[in-house]
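Beneath this line is the structure, given in structure tokens, with notes to follow.
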């Protein structure tokens, strides 16, 4: 059940918390402070977000990624609306229908071979605007980096947000791996979100070294008006909020977010380099962040999984997903490649 | 905004994490384990729950109390149902309508001067059973200890669960302060839940020394069948689950749950003793657990709050609520009573 | 099961359709017209509503009263809101939790001995505004005439709407028997709705001689923006809309609405006069419209029901409800009073 | 806005009510009967359904097709479930997201060029069963006849229901045009529903000559247990139920359902015959029922619509939809074909 190796390649959320994150939690564990976010730790963390994303940025801490997504989507929809996203989007594939339950909306999904969606795919969906028989598109949700490990360039995002805004729609970004995307692009967090027209962002922490906690970052301040009620009613208001706040404050200080993401990305590139020329192994997606999608001989997959667990991405095509993490080491990769080669040799 | 004293009396969730809880978290922070609960820490914690509550007990960890309540209530209702509870219940008063949103149900609330409900109040509500014009009662939710700091005796619970089961209803217990109740009664956790007919329990951790995390404990195993889907869709599935699991394992080991709860209760009794004879001060509820409800001269409330923050419970009647915690000290109480006397003297 | 008398006193919806309504339906049954309301019958009916309620009035036809109420309430709420109403309100008591399911909101109910609510009851509920732990009141719903057969005077409505608007809330009127109320007051339909600040009205037709169909009448035009989507998603968009439209056009023409309502009201007063001095019979509410609430000796109720069915309103207090209808005749009343006397004599 | 011809080809719900249906309504309009279905008309209609569909069939009348579908789907799902259907399904395309709002479920849609789905498309979706990250498929919904005017053969339905039942799923049939399908197949209503494993059926009336009203027909009696509560909470319980009941009783008597459906089907075949050899006109789907899908030269569409309104089905491919109805005459077709030829000649 549990991988016996120290750092596997199953998921970046199989790792623990980064030591600096743990230190911050320990330091925050003293005395009483008001619960539910009315405390100095939370206030300080919110200021840090304003430093990074600019004046007027509003931040709401939540527990997890699904939570961040569903509160964000509620803020920009009514139940008769439709949310446009990639078929591969986490909100469509991996949240057990939470977006539908919380918003009442229909998800209009677009096929995507690389996890990204394009304006030309969105456009044909809008002929139903104004027709009461159809759920009305009012939001586009994109994932940065995508579930397939690819990254939107800023101008690609800008094209989507411009089109969306021109048609009265808002744009949500699922940034579960936003830090990995920024590291990959060599750009700042603000440059690939607020500056290119994103209205509301699920800012991921857990996959980048936090123990728990995500942040909803709001750039369109109108959306902040009722947000605290949405968060509370959606069970995403933490009582001992300070313990999420100090993690984010630490992540955004001294560029820890970048250091962690960059390291994870580099480990993925290293792994890619080590395997790309191995016969029988095919990397099927651009390795932009800390994810590899790899086609393997079908029979070795279970044997490899047994020694170092990971997930099969596409059963039919025999494609697996390998994730690196902030704590992946070169030794982890060396050992894993050795395993891979051993099993390949046995075919 | 923030109380300047080390341990205030605003709420038991204004405290941090107990040192033993923090130690357990630190110890769990190594290497990779599978996310979402398929890890040895979670398995071990689940076994601990079976030790405490008996064979067959099913446990699902969640993030917080509102989360525990809404997933529990979903497990025992359909949207056309009604949930019977006290008007003062947390699910009715303090969750921003989360139960209605998640379940679609109506809450049928019963007046209660002490936070408890009685069978004779529930009975008249059942004449609508079978009549399609009315939301159909199918669940009773009781809080132990209640929001007014009182405690149900086991036979009182048994009376409710027997009646409910006889009428095809299930019983949920909101046990945000279940440990304080058990400590107060001098009974085991199982004796006031499973043994007296509770079907599903929100087991509170955060208010008794955890950093975050609650547990849904299921005694009617039929309810466990779909529970993991309900938890996930309700945004309450933690990825790095081990960090909740080890907290609960620690809480249930060496009777830490009892030690914490007993201490908090004792501190409340100490505070009660110190103030009960002060003129102008009136304790309005039985001090069974770590909560005091106190009627004060209206004008001193804001002055006292300024020096040591707490919540007004009933504006109209000038009643405030003081909570003690696992970390409340005798010095905290001494200092607080001194403050109180100072302000009373100034009236 | 079925009453053997021609016109019973069980409910005004036990009657059929008024002959003029039936004639209009028959006349509309020719040729093809576009479905879903884009037809000349519907356009004409909408104009008629503007004549009655004034320029800018927006009308949306729906199937039934619960439908009218839930689409109206959706238009003025978000799921984190609370709706304030009387405990006796149809939306609270008689719609199987439909308002909760459709809106996700909590209903905050006010006790009322006569079915009306007062500003002084609403006021104390507003101290929770802005506090994220509590569902946020944003709407008041009043019933005209009330479920207890009483009628708000225009100045009573104005007091509620003024207070509500001053506090950022909107006011919905459940007008299932709005015509009976207007007839009772001797006022026009506009005078007791739009002119006294109602934002959105469920205009009842079925209880006043229609075969089926109710209308949502919107005075705050902002609420009309998305209304057609809400109606459609809520299953309340009729395909052969003309058949609802012509009924309403007929009802509003030549004051048929008033004639029907006035007659029903008169029949109730006649019945009241006939029984008010009978020993053992006590009329417990003001007889403002077509409803009587009557306390009877407990033992005669089932015997009387067997010969002419009606509903028990309050089992505990032995109070029954008798409704007259547009088609109730003096002979019906004479026969019913005779029955009543016969059974009273047998006690 | 409104077609000037007596019987257009826009939709079968642009027609009025069949004369026999109208007569039945008129005849039912006398005296009082208990509301909400506890009346002899409704009882008699329910018996008629048992005659047609066999002993134990349970029937619940509702207002319209969307209503029938959403109550049916609620009866067979929980919010964490997924409903499998064709992309072209009415529940997916034409109900403004009502299924998502009412059930909370995700719709898993399958591409289909003819409106039908096949077992081999459903099978791959089931690998997610048991995995809490994904909405759990528990229901298949098929439309008979499909939205593209095609008809499932009984063995095709049987294949789907067998597979579904083998995997713990239930099968809903959207039978908005079930009568047209039966007429087309030359089979009885029972033979293409209950006998081939359908669990719950939306039985369409409005498109086959009713004024308003659909019926939910339940074959799996377990689903009937709570159905009346679902119907009521979903706003689909009619007060003057007799007026829906007598329409259905009439439709099922003397094979009026078959007569109407057969006629509409024949008119479609006649129209098809008249146009199939016209250059520039291409019939794109099998004409099994009363629907034609026709590819036309783009420029004539608006001109033709102006004289006789109909809907464009696929803007991109220049395909329109023409529906015939129970009241379409040979003269209507003659006139329409003449119009078509006139506009084609002008190209």
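Letters A, B, C and D name the chains as they come in the text, with residue numbers starting at 1 for each one.
Convention: a residue touches a chain if its C-beta (ideal position, glycine included) is under 8 Å from a C-beta of that chain, and two chains touch if they have at least 3 such contacts.
Predicted, not measured: the structure shown is a model, and the values here were computed from it.
Validating interface symmetry: for the copies chain A and chain B, is the fraction of residue numbers used by both over half? Same or different.
Mostly the same residues form this interface, as more than half of the numbers used are common to both chains.
Fitting on CA atoms only, what is the rotation between the copies chain A and chain C? Please report it in degrees, nearest 5.
180
Between chain A and chain C, what is the separation of their C-alpha centroids in Å?
Taking the mean C-alpha position of each chain, the two centres sit 50 Å apart.
At what distance in angstrom does the C-alpha mean of chain D lie from that of chain C?
Chain centroid spacing, chain C to chain D, equals 33 Å.
When the centre of a chain is set as the mean of its C-alpha atoms, what distance in Å lies between chain A and chain D?
42
Name the residues of chain C that each touch 2 or more other chains.
79-80, 95-97, 101, 104, 132-133, 135-136, 229, 232-233, 237
Note which residues of chain B are touching chain A in the complex, please.
Touching chain A from chain B are residues 1-3, 5-8, 10-11, 13-17, 22, 25-26, 28-35, 38-40, 63-67, 70, 95-98, 101-102, 206, 211-212, 229, 232-240, 242-243, 309, 325, 327.
Which of the residues in chain B end up touching chain C in this complex?
For this pair, the touching residues of chain B are 79-82, 93-97, 100-101, 104-107, 124, 127, 132-136, 315-316.
Can you list the chain D residues touching chain B in their complex?
Residues of chain D touching chain B: 36, 74, 78-80, 104, 132-133, 135-136, 226, 228-233, 237.
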